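Order as written gives the chain letters A, B, C, D, E, F, G and H; numbering starts at 1 within each chain.
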Amino acid sequence: MRRERVRDVLHQVADGALDVSQALDALAFEPAESLGFATVDHHRALRQGFPEVIYGAGKSAEQICEIASQIAERGDSVLVTRIAPDAADRLQASLDGVEVNRVARTAYRQGTDPAPRGNGTVAIVTAGTSDLPIAEEAAVTLGALGDCASRITDVGVAGIHRVLARRAELTAASVVIVIAGMDGALPSVIGGLVAAPVIAVPTSVGYGASFHGIAALLTMLNSCAAGVTVVNIDNGFGAAVAASRITHS
Amino acid sequence: MRRERVRDVLHQVADGALDVSQALDALAFEPAESLGFATVDHHRALRQGFPEVIYGAGKSAEQICEIASQIAERGDSVLVTRIAPDAADRLQASLDGVEVNRVARTAYRQGTDPAPRGNGTVAIVTAGTSDLPIAEEAAVTLGALGDCASRITDVGVAGIHRVLARRAELTAASVVIVIAGMDGALPSVIGGLVAAPVIAVPTSVGYGASFHGIAALLTMLNSCAAGVTVVNIDNGFGAAVAASRITHS
Amino acid sequence: MRRERVRDVLHQVADGALDVSQALDALAFEPAESLGFATVDHHRALRQGFPEVIYGAGKSAEQICEIASQIAERGDSVLVTRIAPDAADRLQASLDGVEVNRVARTAYRQGTDPAPRGNGTVAIVTAGTSDLPIAEEAAVTLGALGDCASRITDVGVAGIHRVLARRAELTAASVVIVIAGMDGALPSVIGGLVAAPVIAVPTSVGYGASFHGIAALLTMLNSCAAGVTVVNIDNGFGAAVAASRITHS
Amino acid sequence: MRRERVRDVLHQVADGALDVSQALDALAFEPAESLGFATVDHHRALRQGFPEVIYGAGKSAEQICEIASQIAERGDSVLVTRIAPDAADRLQASLDGVEVNRVARTAYRQGTDPAPRGNGTVAIVTAGTSDLPIAEEAAVTLGALGDCASRITDVGVAGIHRVLARRAELTAASVVIVIAGMDGALPSVIGGLVAAPVIAVPTSVGYGASFHGIAALLTMLNSCAAGVTVVNIDNGFGAAVAASRITHS
Amino acid sequence: MRRERVRDVLHQVADGALDVSQALDALAFEPAESLGFATVDHHRALRQGFPEVIYGAGKSAEQICEIASQIAERGDSVLVTRIAPDAADRLQASLDGVEVNRVARTAYRQGTDPAPRGNGTVAIVTAGTSDLPIAEEAAVTLGALGDCASRITDVGVAGIHRVLARRAELTAASVVIVIAGMDGALPSVIGGLVAAPVIAVPTSVGYGASFHGIAALLTMLNSCAAGVTVVNIDNGFGAAVAASRITHS
Amino acid sequence: MRRERVRDVLHQVADGALDVSQALDALAFEPAESLGFATVDHHRALRQGFPEVIYGAGKSAEQICEIASQIAERGDSVLVTRIAPDAADRLQASLDGVEVNRVARTAYRQGTDPAPRGNGTVAIVTAGTSDLPIAEEAAVTLGALGDCASRITDVGVAGIHRVLARRAELTAASVVIVIAGMDGALPSVIGGLVAAPVIAVPTSVGYGASFHGIAALLTMLNSCAAGVTVVNIDNGFGAAVAASRITHS
Amino acid sequence: MRRERVRDVLHQVADGALDVSQALDALAFEPAESLGFATVDHHRALRQGFPEVIYGAGKSAEQICEIASQIAERGDSVLVTRIAPDAADRLQASLDGVEVNRVARTAYRQGTDPAPRGNGTVAIVTAGTSDLPIAEEAAVTLGALGDCASRITDVGVAGIHRVLARRAELTAASVVIVIAGMDGALPSVIGGLVAAPVIAVPTSVGYGASFHGIAALLTMLNSCAAGVTVVNIDNGFGAAVAASRITHS
Amino acid sequence: MRRERVRDVLHQVADGALDVSQALDALAFEPAESLGFATVDHHRALRQGFPEVIYGAGKSAEQICEIASQIAERGDSVLVTRIAPDAADRLQASLDGVEVNRVARTAYRQGTDPAPRGNGTVAIVTAGTSDLPIAEEAAVTLGALGDCASRITDVGVAGIHRVLARRAELTAASVVIVIAGMDGALPSVIGGLVAAPVIAVPTSVGYGASFHGIAALLTMLNSCAAGVTVVNIDNGFGAAVAASRITHS
């Protein structure tokens, strides 16, 4: 409708009802979005190549189902993160073709057009078995974004040869996502082994003074391997999007 | 110059070289600011009624003098906060009419047009004498913004009658800025005494566990008097701008 | 009864049983409240224009119902915040005319005299849909305080055009309450767009290192837009009272 | 039994079987308590005038009942703090004369000898109704310790006249325990009103940035009223013992 | 002057110009302090027995000298804490009879009337030699308040026999102030040895994770000896005032 | 399989198909573990003398049973820590010879070869009865590692004679593990009494400002007894492994 | 030398002095690095394309000069970060061709071979003028790593049109480094505007509760724009290396 | 002297002047230390094998020289840690044979009897060159305690082969002290490589969010290698004493 308002101004210019100077003033005070920002926004979605994502935590099963069906109707892909088990059941019952990953706490339904493929493979590395839910969230997200993911699990630094044994796979990756709780030391070691971008994800796994991931977060921010970047605690989704920004650039 | 680009589009519409639909598309992808955002920005400055402010901390005397002279040349008012003593001397030497308040660590030079007057009086209340630099910063800023300020000093809650004795002045104010370090308890008492807006400013005054103002900040955020708002530690400038937003609304 | 004690002194002065000097001494040591503080308190309630408010968290349904019925008997308005669903049910069963807002977790019953109207409209802006309960708490409180509220929802800064598209509404508001969790960045943007007072409310929405609202709280205290003030985490009620202090001043 | 060992040494000295030098060496390496430390310990209990106290949190009902019955058999008073409702029921069923205070979460059974009476009255002051459980814990503990307690409730500083109205009672107390959550400002005001010792108890009552009592704790540690002392968050028991140390000194 | 206003009302009552009801209303709205609060304040000073105290940190030598000379002129005692060496020199030069304690960073000048004596002796116990400045601040303050202090130094718990060796002195004290940095463990041991009130003072002495006294502060708040109270970090002055409240009660 | 790859290189050298220089290059780029790191790993297990340990928290009963049966099949000892009661039941049902310690939350099944015995005795000292679960976890772990443990319980510093009475046992230990919550002061006292290594374990036991063990952790890190080392909060397992490293060195 | 040891084994295999099985065992226990890890390390340096970097903070001018001259002798590029002004002078005096950037606090000397060029342009965006030193550090580092950098300065979100006006440049960049102190809100806005990787750098610029960059750090970790990654506070160097990992992948 | 008092009691028992029961009572109330605690203390010094240590921080050069000369007169070894350069000069001038290590900030003078030798070698491992002062403090302390130390420097995990290359030395050590700042990850790697006791020392080296060593401290407390113990930030002295407790046990 606001686009109509700009059109009106332009018609008046075309008709001579407004001179250029008057039109310029009128447009100067027009809210920016009236000039097609919605279009730009769509454009952004296309360019960024990732579907709309529903953050499931704190939303009811009803809300999730309704938003998901609106997205699905447009033919877009549906991705829900942090979805509760019962909400996932409800979503599968109400919408065809939804894949639920209960470890990752995700629900995914591909849209009519697959996401454009990213370059190369994203390696998802975990220090311990307790980090798997975050790794799975990253893997599902990467799949939705058109990326190819490989997994290297349980290679914590207390048994350093486990990491070294996977060096070939690490070196082959175009981006490495490193997920670790407790001491969060793994990204420092991997950051020194590979030349590719390394994205570190602290997890809330650990004993008392791990403070639900703060210890690992601080370790990663202070990594002695230069050029390691960090996302929020337990944020496998964010790490996957960051990796996909790289593989699609 | 970008404004020129819009003008060109409009001229082409006026000339019939572009039809309305083509012009609409052209404008839709034009960066927002090309449509007079700079004008909007000036408009905002006029509406908000406060001059450009130079945050002096971390700037050299040379930088401050140069920025100040550019502002002064436009006829605008110059306000510098957190200015070091020597930088203040340099500024006074290089520009006429600069008033320096060494307690407030401010330098001020009024522009050609005075700021529009705010409604009523802003009361600046301090709990202890050590809070005075912040109170002065607030007072100088209010002056620059066109507000009238009164001061009620050294009325900390450990001698509660001192606050009560000033109740008439407090009640008469249109906004009350309450500045306190240590326990930061004064805004809770004043928030219960007056109906006007109360803006609390924690200061970094105090012994060990005051943690440079964190104790007072937390006290104020948890004030049991409803509707007290808080600004950053030692931020007398911010409190004054907040008060002035109220008196000019 | 203490008022009686002052009356006695005055009678004795009137009767000549006490001379002025003796009376003065007697009164000097009389507790302050014997002189009508209760009256002053009532006066304050009238002036501040907001009804007594019951903070429901940690109170039993019985306690809430009893306090509410006492207030209602006096003809005053009843507002309960943070009320549990079952307590709300109990309150509706025991008292006529109670409106429950389950998103806001509030119960409200208007008294015999409506609150005096505030000036203008208070805009309640939220960054994401998870911030809605806090926004609703603010809206219900504003209604009880006699204020008119408008809502602008889901305009987080990651899609900046969404904020810009609502600029007209924002500019028209007499006070803007901005509610945001996660990065808490929205008040900085809005504080730069409007000249009116801006009250920021951090919410406890977010991933790991949001620390239940601390991240957003710190962002808002450090807002680069001057004059933004802040209330406690999730404190929609406090923001509404702060706004109402402004609209009634 | 170890006392017997010392007695043996002494008998051997009396009998000439050990000379003084040998005995001295023997005793020098004897563990300290063999010399009657248990007695000293009993002595301490008598002097300090407070019965053994069972901290109920984290103990099973069985454990509490067994420890309590052992104490009761000796004729000593039994005091259990932080007792769960079902453990309290079990204790009352298993032992005669146990008084349970469900608000305070305490169980108490007086021993054969009452505690020595403390001097004067301990005033227990609370800022809000949510602080009552801590106040009750303090009151029950004071009773067990032989102290007389008065209560002044709901006199938070946002309505400052409520405190002032109770000044006479406050001034009459030999010790004042002040209990407050949220902003924790009340001890600062009371510390300025009375000359008696003031013991501040922060409570975990409050919104987001109260951080479960940290805000109130910091406020109290930074009290601008000199000579206010502080105990741990929600520690009504500790405040009562501290007060009783004063009234029995 | 406001006292005069009350006197006027009373004169009018005595003269029959006002009836009792009118006078009652007039007084009810009179600010509390007009009724002799200043007197009450003086009364409080007398009762509390401690002279006005100047907190020297953040005040210039000029400010300190001026405030001190005003107090001295009234015949009151002057106590300055946290005074810088040069300010102390200036004060001694400008005022007769000032005693400076450079370890305690205090300056003291007794007034015409000595403070009323407190009951018994206050023991000041320190864990290490680095805690001495705080102990001295406490000792000077106690002297100014009319209390008798004894000192037990360097009895940290790592050599537990050092504390035990001083048990007789500890037991004889009417109040024990325990000052400790690093692990802050000493008050827990002493709290178990004596029945008297124990006031713990954390100091900012220590290595990295002592966090300028936070470690010791937390230790003391969590003391396993019941009834230990705590003051702010490095607050020897506050501990002395707290002790004096006890010895004068 | 990778071992096979090295074997191939060696065969080619033996056959003359590769010269030494070529073989050297081939091996230089071979992943480290292909050279028998798994063997090294086994070697490490033998040397370190401790069986594989399953951290039970966050694992399902099924996962625990499966991992345990794999370890048991190899003849190795099985130790599970932080096991939930029902998982322990399941494990006992599925595997012979499993001993469950419900206080320690451990399950243990000895393998075919007992662990090599450590030197001397490890004393496990606790400050209060609430620290027992952590002490039991340490004791069970020590047993699995081949160490002999003695227990000294409930000797908190508030009754200092209790510690002193056990000095002989403390002095006789080759390592002392000290477990304490609340003020965490016990390691400082014991560190001064014994010459042996002292390992401090903070526990999450305590009131408000114990912050789930942070207070005790900081106390221990700042211990005034030199040479006390610290493990994570509630980490009885880690303390036992640290002790066993010492007794097996 | 250890490489020699492997060569010896291979020679013995070639000579038949060792059979393959014996050689395999010998190599299995050889430390990993004897197999050419040093070579791998050199390889890594070549692959990663960045020269050795000297962190100047905490090193003397002598130490820096010596390390730098050793690197320069090998023909490698020398980059020193956080270099003090006088150390920079010393370095320029002792080594030809050193370029010092005093805002960035860097010294740089290109080696014989330029670094391989990265793909595209890295945009360095700053919120305020105080963030410039960090931006310069990033720019100098990027130059040393073979990357092309553009700068967009002073586009903080309080004047949102300033960012929007630079959208074309932002969109054109292959990686965007966003540097902001205070509220740290800028990366959230830019993360929503561009599809490219966004690396956020919090700076220690700001008032009291910015806590030397913690506020901005938390904001960025909680960015509501998905896929923003974060480096340490003030770590312009790290952000540049992270960007270069992307442009060289 | 107090020992004399016990002797008196024993003489009276021997003489029949006191019967056993009376003597028992007399001794029961005798302070513990009168029974030879001083002797025990001397015994402890001998057993623990470490000389008295002077913590130089916060002591004047005069104080240090005086304490040192008293220790030296007894023939004991003198060790001063954290000594300022000028105090070290003064100490060397006033006392023969003092060795100053300016990197370690220590002064040492051996006593007449050398410390008993510890078993084996203590390896001191550092992650970066900035950790050297702490490593030197540990080395000097170990020398004073009779221990043999080896050093492995600059083997941070970002170049993991550097650690692996030193595995033989690490495995040969009887205790390993690992010193690291920034991410503090090195102890986790080394804890997995060796079976010996590992003592981790966090250092205050690092950028912004290292928080002066807190990041490294948390990393080490959460080490995924079991049995790593931790000392305070920058506490090389404490780590050395802990190691020496092990080598002398």
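In this text, a contact is a pair of C-beta atoms (placed from the backbone, for glycine too) under 8 Å apart; a residue touches a chain by one contact, two chains touch by 3 or more.
In this text the structure is predicted, and so the values were computed from the model without any measurement.
Note on connectivity: the fewest steps through touching chains from chain B to chain E is 1. The chains touching chain G as well as chain H are A, F. Comparing the contact residues of chain C and chain G by number shows a mostly shared set, over half of all numbers used being common to the two copies.
Comparing mean CA positions across the assembly, the chain most remote from chain C is H.
Using CA-based centroids throughout, the chain positioned farthest away from chain A is E. Spacing of chain B relative to chain H, judged by their CA centroids, is 54 angstrom.
Each chain gets one centre point, the mean of its Cα atoms, and the points for chain E and chain F are 50 Å apart. Once the centre of each chain is set as its mean CA position, chain A and chain F turn out to be 38 Å apart. Within chain G, the positions touching two or more other chains are listed as 32, 37, 40, 159, 164, 192-193, 207, 209-210, 214, 217, 221-222, 226, 232-233, 238. Touching pairs of chains, sorted by label, consist of A-B, A-C, A-F, A-G, A-H, B-C, B-D, B-E, B-G, C-D, C-E, C-G, D-E, D-F, D-H, E-F, E-H, F-G, F-H, G-H. Chain F meets chain E in the complex at residues 127-128, 156-160, 163-164, 182-185, 188-189, 191-193, 206-207, 209-211, 214-216, 218-226.
Within the complex formed with chain F, the residues of chain D that make contact are 2, 31-34, 37, 40-41, 55, 58-59, 202, 204, 212-214, 217, 232-235, 238.
Taken together, the chain E residues at the contact with chain H in this complex read 129-130, 159, 161, 164-165, 167-168, 205, 207-210. Only residues 32, 44, 47-50, 53, 164, 174-175, 192-193, 195-199, 217, 221-222, 226-233, 237-242, 244-246, 248-249 of chain B touch chain C when the two sit together in their complex. Taken together, the chain B residues at the contact with chain A in this complex read 3, 6-7, 10-11, 13-14, 16, 19-20, 23-25, 27-30, 32, 35-37, 39-40.
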